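Per-chain residue numbering starts at 1, and chain names A, B and C are given in the order in which the chains are listed.
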Amino acid sequence: MLRFIIRRVIVIIPMLLIVVSLTWTLVRLAPGSFYTGEKKLAPAVEKNLREKYGLDKPWYVQYGKVLKNIARFDFGNSLKYEGQSVNQILLRALPVSATLGITAYLIALLVGITMGALAALKPNSWLDYASMTLAMLGISIPNFVLGPLLVLLFSLTLFWFPPALWNGFPSKSLVLPALTLSAIYIAYIARLTRSGMLEVMRSDYIRTARAKGLSETQVVTRHALRGGLLPVVSFSGPALAFLITGTVVVERIFALPGLGNYFINACFNRDEPLIIGIVAFIAISVLVFNLLVDISYAFIDPRIRY
Amino acid sequence: MHSPARVVLPKSEKNRKKILDANPKLNAAVTGKQLVPVGAEDIGVEAVDDYTLRISFSVPAPYFINMMPHQFFRALHQKTIEKFGSAWTDAGNIVTSGAFKLESWKHYDRIVVARDPMNWDARNVKLDRVVFYLLTENATMMSLYKAGELDATYNHTVPSAWLDVIGPLKDFMDAPEAAIDYYNFNTSKGPTADVRVRKAMNMSLDKKALANWRHVKALTAMTPDGIFPGYPQPKGDPFDPEKAKRLLAEAGYRDASGNFDPKKFEASEVELIVNPDANNLPYAEFIQAQWKQNLGVTISIRVMEAKTLSKTMSALEYKGVARTGYAADYMDPYTFLSIFGSTGGANNTGWLDPKYVALLEEANRAVDHQKRYQLLAQAEQLLLDAQPVIPLTVGTTRSLKKPYLKGFYPNPAMLHPWKYAFIERDSSKWDYGMPEMGN
Amino acid sequence: MEENRQQKDQIPDSADLHISAEYAVAERDIAELVTGEVVVGSSLWRDAWRRLLKNKLAVFGMIVVLVLVVASLIGPTIIQKTTGYTYDSIPKDSALLKSFPPFRGPDGRFSLAHPMGTDAAGRDILARVLSGGQISLMVALIATLVSLVIGVSYGAIAGYLGGPLDDLMMRIVDVLYSLPYVIIVIVLLALLPAKTPTAQLAQLFFALGAVSWLTMARIVRGQILSLKNQEFVLAARATGVSTPKIIFRHLIPNALGPVIVYATLTIPTVMLSEAFLSFLGLGVRPPRVSWGSLAAEGAANLAVFPWQLIFPGVTMALMLFSLNFVGDGLRDALDPQARRN
């Protein structure tokens, strides 16, 4: 197990390198530059700009600089927000996205697992139908539709919560974006929990557990829930990594200054250092979360060995 | 004193063409092979004493005084910039001279400015603090306004499509803006290299219908109507689909009997490229429908993200037509006409006529105001005849404000003197409807 | 696995036919003996279909899906024939160039002309919703197929073979996860400029398919990991069943439950991504529309013209809702363990 973890942690380094290199290439391939606007620049001005930002150097020099920056975990200054380092921006935007993402995911886990487990315990009961219909609604309504609908109801009709803006944690302004964001995850988790548990409940070791005379509560909590949660865990890794590193649509609808907002605009602005900084950060999060998922497999399902 | 020199320093922001035209020595330096660092003295700027700035010209440049409100001419604190480098605009560093000072600036969130007690007129500044929210979605802005979180919305915050509902509200304010929407033609290749095709495509558009639909004024020339008093503005070709068909038949797209045949027109060689921001897509769809209705030709729309569009447009890689627009930098027709004075800058049509350039230069040498306007109008007529563009509509600034907010008015240059804005506590004095200007 | 290969190599040539037949029997028996598993065969699909028809919700879902598909396919033509409206017909009369609420004419009185109202350019929303359905359904179908074919085989192979290959394959998925999708799309658009609207649609499918299989691969791998040490797999392996056969005939059928559930979850995600791509310019070419682009447009106008969101939004939700019922029904019908009842 320890060897497995060490191997995976070491693997993160070349992976990061690949992701960053591919991103760097992609940014180079995208048409236009951070200084491209509707007005063409005079050739001399463009030449000067390229010199100032080192874009006139051969590609391997520029690439080398990117690698050096990453090794030191300092991505340099943003091209769009002159005078601000990428690290400063990450530190400012990350708490916003992470707060929103974690709040939404906690809501989703709590509601989703409860709904899914209740449904699985009494399949084909009204409880099952009600919670699965609710879950289906969560999946069927896209978040850019759900968000405005919640705003219409809770901000513009009932005046309970503000319709947008970021006022830190905890605040009323967090409620609507977190709900919007969690809806689809509630649905995913509820369904995955239900199907995972149904599968496990029918399997032999549950039969054995029942035969051993364990109480139904023990069977459910010790065995069924644990085994049934496997798909949820597998799903949680990438989901959490994405939730924490920002969600473009919800951050846009609710005007939140999170990573998603910065990232999408950095792409449109061709703000290379910022793009690479955010991508590296997302990559590390994805890799670390997936590693955590793989480790937790072993704890949840003793049948899996590495 | 520091500002004009900063503009021309190679390390500074993008130089804009008008500035270069206003500063001949600098222009010479930029158009030359190498960009040399230019000092204030090189460009005819000098500080006579602590309170006087003298700017010398090589041509009369009568529009220069109108350029002064532009951000390039704001007074800056030289030592701050030297000390902080590119971080001089950060809230803790920046030194400003206005009625408000920058308190904080959070991207994609808000900019907060607070009354500057050191300002010469601080006693007459009524607001303690102004918070500008940086919102990308109009729908979000509207919700915030409706929920009472905002006191006013800024310039282009009410989409045309909403005007049937929002327009009659007493909170709504609008005014013409010195800005234009137009389409570029690629005059360097394809069917649109033929002036007859360009004229036909322009003539077959009912711009009045477009303008009525968007609740704006139609753009009949390259300069907006009625923004520059006394300017003898020429008019482009009126809406005339029959003439358009005749021109296309002349250009070779005709059947055996010599009439225009839509099937002969190489519709696949002409595309309309647009970026999906703001109202561009509805415009494009409307214009596409017009061409289909009036010519029987289907021009396909290609949506491009903004930077890709800019790149495609400036490299003249587009087929046919590209969306663009222009907002005046200063209050003079020259701000719009100068676009086509060179192939650089915002001229992404490939069209350049030495006669046009000569007329512009002659106009700017003219000291007599009326004479100058006439020369500019001649140049504009020449431009309209060559039709490197399709003028579409005049911009409009639109905003909402709560009745208790006073001293906030729309204006064509979209510069708002916040020091005069205030919140009226006495509800009997509240504005319902557009406030009287200049109170 | 090593063991498995050795056994296979030992099959004597002379008795080939005989031994193969025995294998087929043994494979079935061992599997059934141990867990009650039955290998997917043609009868399974027939049984599944029968069971599916017994599930009322699934039948309801199938009917709704069918109605929406048929309406999207022939609806636009019918509307054009009867009223002349199409998804892109902008009226000539400037008085009609505005958003009318459902069932309201220009005079504000009841009218049958636009049962879903019009958009800001006076276009009939019913015609737009129906022809938007064509694009959305095609997008959903293709991207889900890609996700099923690539995602399931990829995840299953990685999960079953394990070891360094699994590591490598999963790290590739991680890399693809981490790449900035927006930039990929911008580059794709620049490098492959579509000449025709059809080419642009193909590009759209490519872009959507390219990412839709990633989560599926992870989920399948997780399932396979937990299944591969179960007795029936060990038994099959011990009797020398080939690796591809184990993966595709034993493991995948047993992982079908979560696969089907996730496939029905993929569809809304794909429709969302499609709306997002349309916004970037890689989506459908205007004036063509999809449910995603219509709903996105409607959401922006929600505070002023709610019907512009409600009709495309409800249609899309109804479709996804019904698809989920069908997905659930399919899962229950295909569940090998439920077959014994």
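Keep this in mind: contacts are C-beta pairs under 8 Å (C-beta built on N, C-alpha and C of every residue); 3 or more make two chains touch, one makes a residue touch a chain.
Model, not experiment: these values are computed from the prediction.
J.: So which chains are sitting against chain B and chain C at once?
T.: Neighbours common to chain B and chain C are A.
J.: Which one chain sits nearest the middle, judging by mean Cα positions?
T.: Closest chain centre to the overall C-alpha centroid: A.
J.: Centroid from C-alpha atoms only, then distance chain B to chain C, rounded to Å. What do you get?
T.: That gives a centre separation of 45 Å.
J.: Rounded to a whole Å, what is the gap between the Cα centroids of chain A and chain C?
T.: That pair's centroid distance is 22 Å.
J.: Cα centroid separation between chain A and chain B, in whole Å?
T.: Distance between chain centres, rounded to whole Å: 39 Å.
J.: Could you list the positions in chain A whose residues touch two or more of the other chains?
T.: 30-31, 148, 151, 156, 268
J.: Can you pull out the residues of chain B that are in contact with at least two other chains?
T.: Residues 137, 139, 143, 146, 305, 308.
J.: Can you list the residues of chain C that touch 2 or more other chains?
T.: Residues 186, 190, 299, 302-303.
J.: Using the touch rule from the top, collect the residues of chain A that touch chain B in their complex.
T.: The contact residues of chain A facing chain B are 30-33, 35-42, 44-45, 47-49, 52, 77, 81-84, 89, 92, 148, 151, 155-156, 159, 162-166, 252-257, 261-262, 265, 268-270.
J.: Name, in rising order, each residue of chain A that touches chain C in their complex.
T.: On the chain A side, the touching residues are 7, 11, 15, 18-19, 22-23, 26-27, 29-31, 132, 136-137, 139-145, 147-149, 151-152, 156, 184, 188, 191-192, 195-196, 198-199, 202, 204, 227, 230-231, 233-235, 237-238, 241, 248-249, 263-264, 267-268, 275, 278-279, 282-283, 286-287, 290, 297, 301, 303-305.
J.: Help me check something: in the complex, which residues belonging to chain C touch chain A?
T.: 35, 167, 170-171, 174-175, 177-180, 182-184, 186-187, 190-191, 214-215, 218-219, 221-223, 225-226, 229-230, 257-258, 261, 264-265, 268, 271-272, 275-276, 292, 295-296, 298-299, 302-303, 306, 309, 313, 316-318, 320-321, 324-325, 328, 331, 337
J.: Contact residues on chain B for chain C in the complex?
T.: 137-139, 142-143, 146, 159-162, 164-166, 209, 212-213, 268, 275-276, 281-282, 284-286, 288-289, 293, 300-305, 308
J.: With touch defined as at the start, can you tell me which chain C residues reach chain B in the complex?
T.: Those residues of chain C that touch chain B are 88-90, 92, 94, 97-99, 120-121, 186, 189-190, 196-197, 278-281, 283, 285-287, 299-305.
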